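Could you have a look at this structure, given as structure tokens, before my questions?
Note that the chains take the letters A, B, C and D in the order they are written out, and that residue 1 is the start of every chain.
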Amino acid sequence: MSTQMPPAHPFDDDKLKEECGIFGVVGLSDAANFVALGLHALQHRGQEAGGIVSHDPDQGFNSVRRFGYVRDNFTRQSLMETLPGPLAIGHVRYSTAGAKGAAIRDVQPFFGEFSMGGAAIAHNGNITNADALRKELIERGSIFQSGSDSECIIHLMARSLQRNIPERMEDALRRVEGAFSVVAMTRTKLIGVRDPLGVRPLVLGQLGEGWVLSSETCALDIIGATFVREIAPGEMVVISEKDGVESHYPFRRQSSRFCIFEHVYFSRPDSIIGGRSVYETRHQIGVELAREAPVDADLVCPVPDSGTPAAIGYSQESGIPFAMGIIRNQYMGRTFIEPTEQIRNMGVRLKLNVNRALIEGKRVILVDDSVVRGTTSRKIKEMILDAGAAEVHFRIASPPTAWPCFYGVDTPQREKLLAATMSEEEMREHLNVDSIRFISLDGLYRAVGEAQGRDTKCPQYCDACFSGEYPVEPSDMIAKGFELKAAE
Amino acid sequence: MSTQMPPAHPFDDDKLKEECGIFGVVGLSDAANFVALGLHALQHRGQEAGGIVSHDPDQGFNSVRRFGYVRDNFTRQSLMETLPGPLAIGHVRYSTAGAKGAAIRDVQPFFGEFSMGGAAIAHNGNITNADALRKELIERGSIFQSGSDSECIIHLMARSLQRNIPERMEDALRRVEGAFSVVAMTRTKLIGVRDPLGVRPLVLGQLGEGWVLSSETCALDIIGATFVREIAPGEMVVISEKDGVESHYPFRRQSSRFCIFEHVYFSRPDSIIGGRSVYETRHQIGVELAREAPVDADLVCPVPDSGTPAAIGYSQESGIPFAMGIIRNQYMGRTFIEPTEQIRNMGVRLKLNVNRALIEGKRVILVDDSVVRGTTSRKIKEMILDAGAAEVHFRIASPPTAWPCFYGVDTPQREKLLAATMSEEEMREHLNVDSIRFISLDGLYRAVGEAQGRDTKCPQYCDACFSGEYPVEPSDMIAKGFELKAAE
Amino acid sequence: MSTQMPPAHPFDDDKLKEECGIFGVVGLSDAANFVALGLHALQHRGQEAGGIVSHDPDQGFNSVRRFGYVRDNFTRQSLMETLPGPLAIGHVRYSTAGAKGAAIRDVQPFFGEFSMGGAAIAHNGNITNADALRKELIERGSIFQSGSDSECIIHLMARSLQRNIPERMEDALRRVEGAFSVVAMTRTKLIGVRDPLGVRPLVLGQLGEGWVLSSETCALDIIGATFVREIAPGEMVVISEKDGVESHYPFRRQSSRFCIFEHVYFSRPDSIIGGRSVYETRHQIGVELAREAPVDADLVCPVPDSGTPAAIGYSQESGIPFAMGIIRNQYMGRTFIEPTEQIRNMGVRLKLNVNRALIEGKRVILVDDSVVRGTTSRKIKEMILDAGAAEVHFRIASPPTAWPCFYGVDTPQREKLLAATMSEEEMREHLNVDSIRFISLDGLYRAVGEAQGRDTKCPQYCDACFSGEYPVEPSDMIAKGFELKAAE
Amino acid sequence: MSTQMPPAHPFDDDKLKEECGIFGVVGLSDAANFVALGLHALQHRGQEAGGIVSHDPDQGFNSVRRFGYVRDNFTRQSLMETLPGPLAIGHVRYSTAGAKGAAIRDVQPFFGEFSMGGAAIAHNGNITNADALRKELIERGSIFQSGSDSECIIHLMARSLQRNIPERMEDALRRVEGAFSVVAMTRTKLIGVRDPLGVRPLVLGQLGEGWVLSSETCALDIIGATFVREIAPGEMVVISEKDGVESHYPFRRQSSRFCIFEHVYFSRPDSIIGGRSVYETRHQIGVELAREAPVDADLVCPVPDSGTPAAIGYSQESGIPFAMGIIRNQYMGRTFIEPTEQIRNMGVRLKLNVNRALIEGKRVILVDDSVVRGTTSRKIKEMILDAGAAEVHFRIASPPTAWPCFYGVDTPQREKLLAATMSEEEMREHLNVDSIRFISLDGLYRAVGEAQGRDTKCPQYCDACFSGEYPVEPSDMIAKGFELKAAE
């Protein structure tokens, strides 16, 4: 059932897209205001829609879910006044790839009324056995209201025999496979959970008497909260004004497999992961890339804005001057609604323009964060050549993206991934550039701080999109015919 | 949980309000278009919101639910194209009295995905044991998405062990108490049910190869369908393109207790109930009233628009000339949004104006359909006197409304009903008019065609709002402290 | 130049449409609130758009102009707060026939800044030499901002050499031909003018310390103002808080030619014209019609709502019972936006339904106010016959409309007027009814109070739409090829 | 008179704001589409509102003016279809400082109907004798519809005795003082004019058979047009499909005084002025600044995004590493509508965040383009210190802004300009930073290519905002009491 068409993303279809950002606050008056600010800072993790649930002792649970940017919805006083209370959680999301259409029903947080009271839950990641769970739940009489996999959790909780909500959540999450970071709330408690492998991020912060959970540290900064620590893989924290932070470990312990692509692209450069800013890591990727794949040239230019830190690193390591050869139009919003043919055809020109006077006659190194379908790379190369560049060399700050992600990231089908079907040389020919080089997987691991590179037996990160090695079996996808990489 | 404040009805709070109208079509291409037209004709039964679910063999179930008038939402081509297929049901509603706020989640039809396929259901009436059912269902793990009592039915269906949806619906409805007319649909079938007492109306129509279910016959007229028959009390019809209309009787047979207030006010005057037009019945109420409560006067004026047929009847029986002494502003819509103080204070003047030149110096009989709180009667009386009337006599086309309805009609609490606390003479003093007279209960029964008047042992209609005799025990309300009329 | 398409009036195209209502207030705090209420009461005179200009000693002139109903725009506190001050005028309008598209620029009041201060002006009527005036003004360097004829007045005022605004307005209006009632305002004065023939209405009212000008008395009632008198034909009143009402007569005196169609259809039935309510006049038209055109039948039914008073009069004079045989859908708003084909084809059924049970087998007299194109009459006749009526007799409460109006009423081109090309008998055949009869012109004059009927030498009213005798030569139209009726 | 409140710019109030961008096209089918794209590329010159007028031989002139971004309004097919034809001009604007409120009436292009046909005109700059002209025109009977100074031009044209529109425009512009670049159109001609000093930019481009006028070259790039040349100071070009480009010089010749702030901030970095990219000029400003004002530090960080090119130049000249120490939130739109108190208080944090891990313990050079009020500089300094920076050194890529601009740029009153009341050392203390240094006026002239620096007798640019030397006397402002710099 679809009720409303989602806005399209006509020009952003050549990036992997993080599907969600989550944020929760307990112990601060008008908590929903802080959640709105946190979600604004996490908007890069999900631009399609957002939702906030709050709880107030007098007015109970209240919820608002909206399509569009946080700043356009969750800032008006009249709306925020409908979300009172000292406890609130929120969520921003992309639409799921392949869905027929997005409905406001699919926007989180989800809410459920249990016999011991209500609970709301928001989720970043993907449940890899959701189809099987949904089928089982429907057979037992559950009514699903959304197309979202995350709704399984709330139904599993409803059917749990445990006496309180945190224990029901443990029950439910033990049935769930995949990658997930969760923020949830009861009438008095804020709950945070990371899956046993810790694939998706979740951090804890503190502000005055209150506690905060967030996908990234940059959202702590915006409200002035102090970063306390990362939630550990497999940890559940239950936080209340009265009792502070209690830590539980409901799952069998496993080694961490944090998503390495958070370093490459998803997280904001001013967030801190593992004690170091994402900006510095990306800068270091550029340094490693300059060592691995040097080339004689006149200028190092980033593909704005995500390629900038790596381009600076490449420039500083190589000694080739850094310059903004491509300018981004700051007024390019997310969408055009029913545009004219002529405007649709403009494509990338609407958001990028080449600095012709700078580029003309130069040998240009273009640093981009990743190549997915390769469609944007092709257009950018054309713009650079039209502007009179003498040579174009692509340097990519991630290894070739050859496998889809099933852990909460929107990736094209495998056949659409340029690196799934072409070697580096074939890509060079396909893009018709002077050279293209990707950082090696080991180089990337070194840049993120693993001096010895990747541990092939027991990789320190989830790098399935590069390696095809999936730390959690994508069982629903296998049931639909997806073929895992053959064992070597 | 509330998500969106409903529009208020600032000037219509002195009427009983039918809470719903329902309509369904099977076997006509673009069925949702016919449903939209039918709901437009039933708009008087529920002005706050409306919804349509359709099913198409290729595109499955689709649903749109919106606040506001049918004509403002369900007429646009772009919206209606999202509701394809030969099978559709729809619903218009008022908000339930006492609810904290209306949410789009509360707008019917409700949809549930069962293991044997999906079903949608829309309901006119009220389930008198809904609180108890809801409590039980939540304890067994059902997640409610709305504050609507009707959602119980879909959860009861989800938990039934029957193999097909009509049988699951029978299972569910046997657990339900109260008054209900239901239209529902599966992927291939249109289903209609009336409760065992037949309190709320439901009729069957035919158009070409298709079948239609509707709350009233006036909605058959708008699409050009032929009226076939009323669905019988306690009957369930299961209709498909292939097999036509099948009739079932899932409940224990009882004598009919149709809502007599449908004749007085709820139904449209051009609808046909029991073979006679509602207009004629109301005209006849006026005739009876003129016989029971004659008075010497110069003019008979209706309180527009609902008092008009009875006023014509009164005029024709009494020989006193009929005149439009009060003029209704045709551009008075339902609501003002955040009006200025000055405009709020205008009250009834915004929608009614007295025809001063006509009224001045005259003895005026005002015919109204009912008196609920008496607030509007008071204001109208003042307008008439301000305009210089010599005398004002109220004649009311229904007996005193002294008891709340628990069968799907929005009534004030008992204490707010003028007739619950005052005798006719006290009302006359309270309203400060020359006389006020209500039709007798027997007079009303005669007017609707019961020549012998009311059968006090076994009343032919549900008249609880006048008599306090409730044909189905309002068990949830009794649990909340409502006291039934003491046995005499 | 067009900037925005107006809403269409798909089902109201078979009536003459008054093009404007005007209202002004001086000497009441928050005058704009009173103007809003007055315009709401005058909404029947113009449903497309409305505007209000107010003046406050501190904040100067402020203006809001909007498409849509008054109640949807000019009731919100936030908007009304932008219109402060004790002096305000307002306007409601239809779009002008033949315009390529309506723009908010065309919505009155118009405002002009003169060397001695600003003035705003709103106008009901039509300037018959506007094309010539506009051409002359453009040649002399005036820049027109709208397509509205009324803008000429403000440019003529700007070029006047008089020292104050009322005198400039006199200068301007002496150049203007046609029919016009004007309300205007300076920083301290409210001004009202009727053209020398007094074709369009304008009345004066009083409320506390304040003065009110209005198109009709019904708009005095809504704000509780007392009716003082009609502004005389050719009179200009200049009203200020300080000096009260001053009366001027800037034009050569002529005999009055008030629009007789105001009695038939334009004015609201609760307005008072010439000391008698419009309702009573219409009732009397029905009486005259019953005398002129009796017929044996079972029922007299109005075409709702405008035919109702005449139908009551016909019934009372003839003794044939009055009944509401056609029911109007109260939720039928003005427009459908981009409706589906199916909904468009429903036409009149969306707003009217026949009371089948009442009509079946009966000989029915249908009383309508007028016949313009005849398209609606045809559809209504079909609905009545479909419902099984034995005979259908049309009785029309106005003479045949055979000539277009050029004095501020939207009429079709002459060829489209049914009565311009057909005799009564031809119309009967065309509509395929048992009989059709129009009231005679003399009968109409008697009904409005001229006991001797029409004075053919010097008619007491403007009846050009019936007689083709235009009291002011429509010079722009003649320049475009319109042919006056040949002298007899 | 105000009709609608404009959106506020709550966080951008510490920059000078270019008030307009203009664009015109002749000889390309659906010219308005190209104008929309050009305006999108010029959005940085005016974010509040935009307008397009087009002309089509069949459909005449059409106009759309809207508040908000170009991409949100002028991309929809349904809207663009209302702007047909091969000739169109457009405009983007900021609101004028000090205006009580913006109305759509104030949005250009302005249109006037003259006796020889219509013309539309759009204007970038400011008319310094507009008050005097307006007063004169009103006295002679012109009616102004907007508060915009530019409307004078159209009224002067209306009153000209010349026989064709280009000659009328020459007449009008000879009466006008100040800085202006104009694009205008008749039914067949596109016209471009620069004022005699050439203060504001205007360039000519070519695309296929068509011709283009634009404020900057970056807007030629977006539609793929070739840059032909800059329009010369004092030149008027009249361009038609038939006759191509004709050049006129209606004014007395003077030496060029192009606005030097276009190099510093207004123009986009990818535009070309005087044969060199603005990016390179800004880079060179950074180089000069590093030479003039070196300091020992660890990092050079730009204040994003406008400080970036100068920061890169500073880094490359000084050898101190460049880093993105401040991150801009990409989802920070222009406005919040009625935000909560908490959100309003967040201020600059909503759009900027410091990269804490990078900054901590470092001596940081912050490169910004300019200091106006100093309010943002102060907040940024606090953010940097909060993040643990050891030292903060401001380097400003323009001289101290000590005088308001009267030539089409929105500047605060002189008293509000930090540099009008403080020396560099006082600013250092006020901002409480370790050092602050501005580039010298000579240094800026060298960076823009004047190797000998500023010619004090006859400056090569308009630098009034730095020097207080106004090349055109601001006569309206002097009449209002503004005091010119005392002669030295």
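The criterion applied here is as follows: contacts are C-beta pairs under 8 Å (C-beta built on N, C-alpha and C of every residue); 3 or more make two chains touch, one makes a residue touch a chain.
Owing to the predicted nature of the structure, the values given are computational and were not obtained by experimental measurement.
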Partner chains shared by chain B and chain D (touch criterion as defined above): A, C
Centre-to-centre distance between chain B and chain A (centres being mean Cα positions), rounded to whole Å: 50
Mean-CA-position distance for chain D and chain A (Å): 37
Computed distance of Cα centres, chain C from chain A, in Å: 62
Every chain pair in contact, whichever chains are involved: A-B, A-D, B-C, C-D
Of chain B, residues touching chain C in the complex: 30, 33-34, 36-37, 40-41, 43-44, 47, 69-72, 75-78, 80, 218, 221-222, 224, 268-270, 272, 275-277, 279-280, 283, 305, 308-309, 312, 316, 321-324, 327, 329-333, 336-343, 346, 349-350, 353-358
Complex contacts: residues of chain A adjacent to chain B: 1-3, 53, 60-65, 82, 104, 111-115, 118, 135, 138-145, 154-155, 158-159
